[in-house]
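What follows is a structure written as structure tokens; I'll ask about it next.
Each chain carries a letter (A, B and C) given by its place in the written order, and its residues are counted from 1.
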Amino acid sequence: MAVRPVDVVADVAEVHPAERWWAAVRDFCRRRPLGAIGAAVVALNILVALTANLIAPYDPLATDYGAMLARPSMAHWLGTDAYGRDVLSRILYGSRTAMIVGFACAFVGATVGAVIGVASAYFAGKLDLLIQRVMDIFLAFPLIILALAVVAILGTGMTNVILAITIPMIPRAALVTRSSALAIREMPYVDAARAAGFRHGRIILRHMLPNVMAPYLIMLTAFLGQAILLEASLSFLGLGVSEPTAAWGLMLRGAAVQFAETAPWMAIFPGFAISLAVFAFNLFGDSLRDALDPRLRTQ
Amino acid sequence: MNRRAVVIALLIGLAAIPAIAQEKPRSGGELVFVVPSEPPSYDAHQEETFGLIHPMAPHYSTLLRVDPFDKTGTKPVGDVAESWTVSRDGLVYTFKLRHGVRFHDGSELTSKDVKASYDKILNPPAGVKSLRKDAYLAVQAVEAPDPYTLVVKLKYPETSILLNLASPWNWIYKADLLAKDPRWYEKNVMGSGPFVFVEHVRGSHWVGKKNPNYWDKGKPYLDGYRALFVKDSAAQVAAIRGERAMIQFRGFSPAERDSLTAALGPKITVQESPWDCVLMVAMHHDKKPFSDKRVRRALTLALDRYQGSQALSKIAIVKEVAGIQVPGTPYATPPAELEKLAGYGRDIKKSREEARRLLREAGVPDGFSFTFKNRGIPMPYEPVGVWLIDQWRQVGLNVRQEVIEASAYHPMLKRGDFEVAMDFQCGFVVEPDLDLPRFMSHSDANYGKHKDTVIDDLISRQGRVTDIEERKKILRILEKRLLDEEVHILYTLQWHRIIPHNSKVKGWTITPSHYLNNQLDTVWLAE
Amino acid sequence: MIPTLLSVAVLVFFLMRIVPGDIVELRFAGESAFAQKENIDKERARLGLDQPLWKQFIGWMAGLLRFDFGVSMWTGAPISEEIRLRFALSLQLAIMATLVAIVLAIPLGVLAALKQDTWVDYVVRIFSIAGLATPSFWLGIVFILLLLIVFKWLPPMVYTPFWVNPIQNLAQLIWPALAVGYRYSAVATRMTRSAMLEVLREDYIRTARAKGLWEKLILSRHALKNAMLPVLTVIALEFAFLMGGLVVTEQVFNLNGLGMLFVDAVAHRDYTLTQALVLLVAFMFIFVNFLVDLAYAWIDPRIRFR
């Protein structure tokens, strides 16, 4: 595995940062159309989450016992659910839950995990082994099992769900970043930097972190998708957010499965919303990584 | 000659009518049914779950049982008891037992065995639980003066004792086996019922075969039965749909019934009945603002029970609008009377206006928020919870739902760690004496912690009155005080039992309880 | 390996007892919402829950040393039996899903790398990402719906072991295997693609520009071995997870597997069963991890520690 280290210090900015950014974005869109599409969908999702109360045709909690399980029609574009609530409105509001949970879990999980992983790789020796052991213990539990355990202790509800999803993510992030950071640690220039007396912090920040940027960003986007999926799974099992909150996973539960044959729109649309959101995050992350990973730069 | 031929023809004709009207039971065949859960142990005196009753009840007899042909499930008839007499003061019940009832090992069942079984229930030895001990507080002693006579002596007259003794949980065990090891029945089967135990494969099935020496000659009709343990309801529906199983004795949801009838048409027969289970709303009387009975009254006035019944019965296993007794049973309040109680009126607008007014008076601001705790079981807790929150919204209450896992729910209720929470009750037979004691002020099940001596008095009084009409009067007064004047508790909607089964299954009548009518001796299979 | 397992054992033991909820209350409250204290106490004594914590712990650890997991607190059946009933199904599903994943991931990943930035690459990437994005339980619902509506057929609901009736066995398990395998192939496809790309960047392959794609592939095969390490790691680790983590999939497809057993055990607060299951899954994971570490050390001398 040939690794070409990137020395951030040598990268001199000649152009104004804002222009550099804009050029990078244009370049990205041109060269990686898939990623651009993904990014657009992500932006759309965020927009919907922010403006749900403006664009939703109905109150997501408003029941209509006269129109239970109604087919998609002009009045209800995506039909109604078992209580007569508008499916479209609930999906739009559901994106709020998804985005909040997704971003919170992904950022906290990936960042905390990355810091732990890099520190562990950098300091090596006993500390590394200890952290490895602790991470191993958490890794030994499947994601959903750990999430279940946290929910069992803390109870259901949005904040607890975020915690339940973040905690299992941290060791995974640590594992991935550690293996990337390990390869860097062995590089001669890191030894040189240490010999030159650079502080630990500077070495970590300037030399090691940039080289784990690629896996970090991939992880971030992957975690975003995974968090949304996990929240949906937990809600589906009845351990996530509770009724009558609008949440995609919650919409797939109970009546949606029971009436799947006679009212399939209840199960199809929320599932589609989940898939689309996660798909977009991953598409974007995939292309982002291709763009940023120095090892794959097709100069 | 001519006249005689006419008479004979008439007789034949008359004989034919009942034969057409009621098919003759056919012997033979194996009944295959699905059971959602497995028996944790084999001792009915120590268990609470239908997962024990459904596969195992056919192995045992009881002293009395609830008439399997009575749809209200409230008539006691003899099982091992052939007949009984009651003393004039209502304190001594003398039962004459049948002769020739045999355990499956050949030994005869006598009053000694009945007494030993009841002694175990009323006074369990150390280390042995008895879950229904408290139901027999009125019983002073059970005696067996001779092998075919059992005497039950009461401390005070209790109208419901016969029905209580017809409990499906009071299996008669062999006295000798109990004497050797009172815990023998936790892991073993030895009964006198219509079916003999064949095998139990954990996680898979339970098999029983016909008892050739059953006391009721000619019965059982079936050659045997096989209970398949299938946890998931979708899998149960699939089994019945694919005709791999014929019936499930607990109940299905409306959606499941509809999919079965749509798929199998006339091959499916649906039996429905109000269910002896109900969800109630407990309000903590020591926590503001629920200590104020105006607020409690507002909570019940907000509920449009009739619309809820219509709507929820399409998606959940609830239906009937009920008070303290299951509709259709002897002590249930007639609907016209029920409408007079708070929250049961037909004019929902008026009710909700009054609710808003009461809340204002009590100082509860519009948009007031509180947490409603619900049990983490999908059906029907979720739909009823969603409905309750929606209804309370209509009177300006902003309710958050917190779902508590089932295993932590009961401890939460006991601790009183709630403002408003879902309460629930299931019984095996509809009897005020079984349904009401929980509302006594000192009862462990009084989670709302109300203290009302009038209610306590009414509850004990109604149990000792022997005249039915008199008893009904007291129950009406009790209901009014409980649900309307003091609003100690809210009844939501009665559960609704739906049993879609293969049309071949005959001789089984639905009752309000899924613990009743499971001995399978009256069941037969058509061609 | 042993210290980690021990730590997991201790962690899960105390974790379970911190979690609120009580198996006895749940058992007896059942559907009627109240149970007498006397009966609750008796049952707790029977289950050994009234003993001081340290005693319970020692008792359990002692049992473990004899490979005796004890009995399930909920059903009373030996835990080894409870697990045995579900083990075959979970194992088979895990194997089938992994096979699906490998069959999808490796060829697709290699193809995408060879044809980078062409429409082939795009299609493969979209296909694999869709697998990551789709919730497997939703996929399951859709599968069953399709089978029902289009073919009017439902997969068998009861598990038959492969050696008893292979057709029925596969008829039941192929659908969840596809749903799960498709998901797991996604990550592996991506990693295969990036591994292959790295290898293709190697100078000696780039300079072989005159040769065709096929030649490049053959030249790469040695370097590919190294590059495939992360891919195999991921596949191996996911396999360990497949054994106990397929909770939602099992629910949707009505499979009597270890995932559902685990959820039930936790829901019932069945301490002994939960502890045993967690240990089992942890053991599998740690063991696989250990094997992977060995493989790493053997293949790449630079990453040899200790």
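Operating definition for what follows: a residue touches a chain if its C-beta (ideal position, glycine included) is under 8 Å from a C-beta of that chain, and two chains touch if they have at least 3 such contacts.
All values reported here derive from a predicted model rather than from experimental measurement.
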### Query
Which chain's centre, taken as the mean of its Cα atoms, is farthest from the centre of subunit B?
A
### Query
Taking each chain's centre as the average of its Cα atoms, which chain lies closest to the overall Cα centroid?
C
## Note on the structure
Whole-Å distance, C-alpha centre of subunit B to that of subunit C, is 41
### Task
With chain centres taken as the means of their Cα atoms, state the distance from subunit A to subunit B in Å.
49
### Query
What is the distance in Å between the mean C-alpha positions of subunit A and subunit C?
21
### Summary
The positions of subunit B in contact with two or more other chains are 234, 405
### Task
Note the residues in subunit C that touch 2 or more other chains, in rising order.
20-21, 251
### Task
Find every residue in subunit A that makes contact with two or more other chains and list them.
152, 257, 261
## Note on the structure
The residues of subunit C that touch subunit A in their complex are 3-4, 7-8, 11, 15, 18-21, 122, 125-126, 129-130, 132-135, 137-138, 141-142, 144-145, 148-149, 190, 194, 197-198, 201-202, 226-227, 230, 241, 244-245, 247-248, 251-252, 262-263, 266, 278, 281-282, 285-286, 289, 302-303
## Note on the structure
Per the touch rule, the subunit A residues reaching subunit B in their complex are 61, 63, 65, 68-69, 82-84, 152, 155-157, 238-239, 242-244, 253-255, 257-259, 261-262
### Summary
In their shared complex, subunit C is touched by residues of subunit B numbered 38, 40-41, 46, 48-49, 127-131, 133-134, 202-203, 228, 230-232, 234-235, 238-239, 241-242, 277, 405-411, 413-414, 423-427, 438, 443-445, 447
### Query
Considering the complex alone, what residue numbers of subunit A touch subunit C?
1-2, 34, 133, 136-137, 139-145, 148-149, 152-153, 179, 182, 186, 222, 225, 229, 232-233, 236-237, 249, 252, 256-257, 260-261, 264, 267-268, 271, 274-279, 282-283, 286, 293, 295-296
### Query
Which positions of subunit C touch subunit B when the two form their complex?
20-23, 25-39, 42-43, 45-46, 74-77, 81-82, 85-86, 154, 157-158, 251, 254, 256, 260, 267-269
